[in-house]
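Alright, structures below, take your time with them.
Both complexes below contain chain A, partnered by chain B and then by chain C.
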Partner chain A sequence: MSIGLLNVIEIILNGLMTGVMYSLVALGFVLIFKASGIFNYAQGVMALFAALTLVGFQTGQIPFSHLINAMFGTNVHNWGPGLPAVLAIILTIGVMIGFAWLFERLVLKHMVNQEPIILFMTTIGLAYFMEGFGDLMWGADIKALDLGIPSGGSFWFEDITKTWAAAGSDYWGMYIDVLDVWAAGIAVVMVLALTLFSQYTRIGRALRAVADDHQAAMTVGISLRTIWVIVWSIAGVVALVAGIMWGSKSGVQFSLSLIALKALPVLILGGFTSIPGAIIGGMIIGVGEKLFEYSIGPLIGGATENWFAYVLALAFLLFRPQGLFGEKIIERV
Partner chain B sequence: MVNTMESTTQTPVMELKNISLSFGGVKALTDISFDIREGEIRALIGPNGAGKSSMLNVISGFYHPQIGEVWFKGEKRPPMKPYQVARQGVARTFQNIALFKGMSTIDNLMTGRINHMKVNLFWQALWKGPAEREEIAHRERVEHVIDFLEIQAIRKTPVGRLSYGLQKRVELGRALAADAQLLLLDEPMAGMNLEEKEDMSRFIIDVNEEFGTTIVLIEHDMSVVMDLSDRVVVLDYGRKLADGEPEAVRNDPSVIDAYLGVSHD
Partner chain C sequence: MFYREAGDFKTTYAKDQQIFPIALDRWAFRLLLAFAFLVVPFIINDYWEKSVLLPFLVWSMAALGLNILTGYCGQLSLGSGGFMAVGAYASFKLSAAFPELNLFIVIVLAGGITALVGIFFGVPSLRIKGFYLAVATLASQFFLIWLFNKVPWFYNDSATGMIFISQRDFFGIQITGAGAQPWATYLFSLSVVTIFAFMAKNLTRGRIGRSWMAIRDMDIAAEIIGVPPLMTKLTAFAVSSFYIGISGALMFLIYLGSIEPTEAFGIDKSFLVLFMIIIGGLGSILGSFLGAAFMVLVPVLLKNIMVGALGWPADLAAHIELLLIGALIMIFLVLEPHGLAQIWRITKEKLRLWPFPH
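And then the complex of A and B:
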């Protein structure tokens, strides 16, 4: 194979992996949007908050330590060496579920039957609240997240692909980050689990029922409020997974909340209501932006990855506003 | 539970006492009282805007009357949310069909079983064991309803694709799957052709006779109402005009004036 072709293959592979990372965030949006029609602007911040909490537990940070130190003149930071990764993850899941419960109790309950735009504004408020709260609770410094997920380039893959090029050429093999492969694997497992759960269990069926028709769901005896707590909990867990992956890749920092913006074009491509759409939309964007940067980028000065996804989404809005897999909107007149 | 036609006993399963409901300045219902006896088919009739659907919505917990009491099975019912009413054993269908359109017929009917299923989230996530056994048991009940309503052929079809008449039948099926004691049907035959109406009438009578389910029915087709129902309540402009056996109501002069109008036969 020629080196040019190998390069393109490498770019596509890496694009797919990056795309899955976008999908992880988009998935959280889809879950909440399907069940309650709310576009949850806070999904990215939820990922950040979950990652912060996880690191906090893992490294044994005292929550609100800055606040405590400022108020009482103490100098406390850690309560101990920290918890093992598994325990920290379980505790963080607990925190995310508790958060979902509180949010329903304190906020969503009062927002039933409000206009979508009002609910959207609510989630913007939630986003800013969580960002500030996370800062107050765990501090604003960039933290390393290490759960023992392997990362870095795969030499094994590099060695194999090296042999694909013609003998004698100075091809170095393909670079693939093992962490990205893990992220892809985890995303696949998560989507499968979510799909099976919603297809074959009572609560899964109730979730689908609520997503389909609120009024009908109430008449068969489904409590909307319970379902919302469950949905926000699941979205919290999905946010945790996204937070772990992005945090392991680039450190847990507050710019993490901005990855939510990268999920938007993914949603427009895949449709706001489709779980497979979120995955495939993410992959299209990942591959698309990498290929575009490789082929057209040099001609127009590079840095196309920053805007390519949005332009692609715009083009989609013109021709297929419901997304690739979204439900087609047919108005019967 | 099995009842026969003549066992239309005198014990009311539900009593509505002095119900008044208004939306802002609009009075939807004014001081309406009637009872629903165990095992009967009770019809609610009246011209458009008479308050029939409002009445049904009061019973199923979608509306809360400003004045008046709802008594269910001998107890005064506190204000309840629709899902709580459903859990008490009251199922309903809607005038403009409220099905889960993206889900199959079986899944729609299975949602009707939700209140009878108890296995917790943990086992459901594992799926094997109790959750699987429970699912199978309830699936059996749902298959029974499917046989009863003769909708075997569409069990896996997403209901959004079904004809109007079949959707109405699936909606009835979902209410039946809930094993409700009180079944509220809001215009079950609206928009149906004659053949579909006959089928639906047959199912309503069968449900009432075979399962002993008490039924409250809103319907515009007078011949259907007179044939099916044991007793009829007539509403007009949110007030109760008449209440009694079909024959008596049909001959009530005020009813003829307000509703039946010209059809003096």
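And then the complex of A and C:
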């Protein structure tokens, strides 16, 4: 094979992996949108917050130490060497569930029957709040997240692909980050688990009932508020997974919350209501933006990844206004 | 009795259609305008100009524009920052190309150019609705900012990629660049905002405004009774972008003087404008101003308290500010989802009946 073709294959592979990483965030959006009709902008910040909390537990930071030091003139940082990874993950899941419960108690329950735009703004408010809260609690510096997930390039894959090029050519093989492969595997497992959960468990059935029709679900005795807490908790766990993956890749820092912006085009491309749509949408976006940057990017100045995803999604929307897999929008007067 | 329609006889059609039907309102508004135009310029200083009044005026203009699109026509847009950038860069190119052109004309032309861009990006709204449209408008936000960063023609090949305004006069009084007097910049911005706020108020009371609201309330029903969706949505996008463009031009020419697009017009600015109209009140001209005042004043206040009075480090204060603003927004939406304008409306109803409970 020629080197150009091999390069394109490498880019497509990497694009697919990146796309799956976007899908991890988009999944949380879809879950909440399906169950409560809320467009949860805070999903990205939830990922950041979860990752910050996890690192905080793992390294044994004292929460709010910055604030305490400023108020009382003390100088405290750590309470100990930190917790083992598994315990830290369990504690973080606990924190995310607690957060979901609090949010439902304090905010969401007052917002029943509000217009979608008001609910959307509430989640932006939540995003600001959590960002400030996370920074205040754990500090805003960039932190390394290490759970022992292998990362770095795969030499095995590089060696195999080196043989694909014609003999004697100057080809170094394809670069694939092992972390991305792990992320893709975890995403697949998560989608399978979520699908099985919503198909075969009692709570899953209740979730689907609420997604179909709030009022009908309430009349058969499903508690909407419990369902909301459950959905937001699941979204919190999904956020934690996304936070772990992105945090291991690029460090836990503020820019992690901006992946929400990359998940939005994935969402509208796949449709707000479809879990498989989130995955396939992510792959299309990932491959599309990488290929565009590779082929056309250099001609027009590069850094096209910021907007190309949106334009691609927009182009799809013009033909299917509900996204690729979204439920057909039926309008009545 | 005060604050009553009763006794205020309307003998002409003009009187019947005036903006403030209650005499006390009319006088209060005239007093407010007189205070803003005649008193404030004499007591204004640099601090109030740069950190309170100019930002307030600029953001009110942007909030007015977005309120026309989102509040009156129901098309959710997250592209305000991008459109403000178009206004700023249009005013930069125009003022660089025509050094003798009157600045007011520059600003209006910049608004016009933004309106054209707005129409272009508004076309998908005919097919895409709701949140799908909101995300689609993000395309314009990111694309426009990228464009202004990457194409040297827009920033006249300046080495830093930033744009600057030189010192310019308006009828012999310097209003842009270093050394402009606070009262001059303030009066100029205030005049622009006042003129266009009146225009917006009257637009929304007229045929166009009613067709916007019809589309907002139910677009299919509006189409059936003969409101053309194409024209209505596109006029909303045009007028809204015109206002947002003017606010961008004001921001660049008068308020900041030099601009770096990613910093000044990023996505957070689009959200800021959206916050203003939600907190102020969707579909209300007054609400745009109240929301802008709220979102400009609260951070200034918080910063003064935490850094100034309590002496906390600035980064800690920034975190707490973020946290408090997020919390305030949520509290606000829980208590009064229709915004400050709704509170004012309720107060007015109560005042009309006062001192009787019903």
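Quick note on the criterion: the second predicted complex is superposed on the first by the 330 of 333 C-alpha atoms of A that agree within 3 Å, B and C clash if a C-alpha of one lies under 4 Å from a C-alpha of the other, contacts with A are read in each partner's own complex, and residues count from 1 in each chain.
The working rule: contacts are C-beta pairs under 8 Å (C-beta built on N, C-alpha and C of every residue); 3 or more make two chains touch, one makes a residue touch a chain.
As the structure is a prediction and not an experimental result, all values here were calculated from the model.
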Which of chain B and chain C A:F39 touches, first, second, both or neither: second
Partner chain(s) touched by A:H110 [first = chain B, second = chain C, both, neither]: second
Partner chain(s) touched by A:L224 [first = chain B, second = chain C, both, neither]: first
Partner chain(s) touched by A:T122 [first = chain B, second = chain C, both, neither]: second
Partner chain in contact with A:I203 - chain B first, chain C second, else both or neither: first
First, second, both or neither for A:D213, with chain B first and chain C second: first
Greater residue coverage of chain A in the superposed arrangement, chain B or chain C: C
Intersection of chain A interface sets (partners chain B, chain C): none
Of all residues in chain B, those that touch chain A in their complex: 60, 62, 81-84, 86-87, 91-92, 94, 98-103, 107, 110-112, 114-115, 117, 119, 121, 124-125, 127, 131, 134-135, 174, 178
Partner chain B, residues of chain A touching it in the complex: 196-197, 200-206, 208-209, 212-213, 215-224, 230, 327
Of all residues in chain A, those that touch chain C in their complex: 39, 66-67, 70, 107, 110-111, 114-118, 120-122, 124-133, 135-136, 140, 261, 264-265, 267-268, 272, 300-304, 306-307, 310-311, 313-314, 317-318, 321-323, 329, 331-333
Residues of chain C defined as touching chain A within the complex: 70, 76, 124, 127-132, 134-136, 138-139, 142-143, 145-146, 149-151, 218, 220-221, 224, 267, 271, 274-275, 278, 282, 312-313, 315-316, 319-330, 333-334, 337
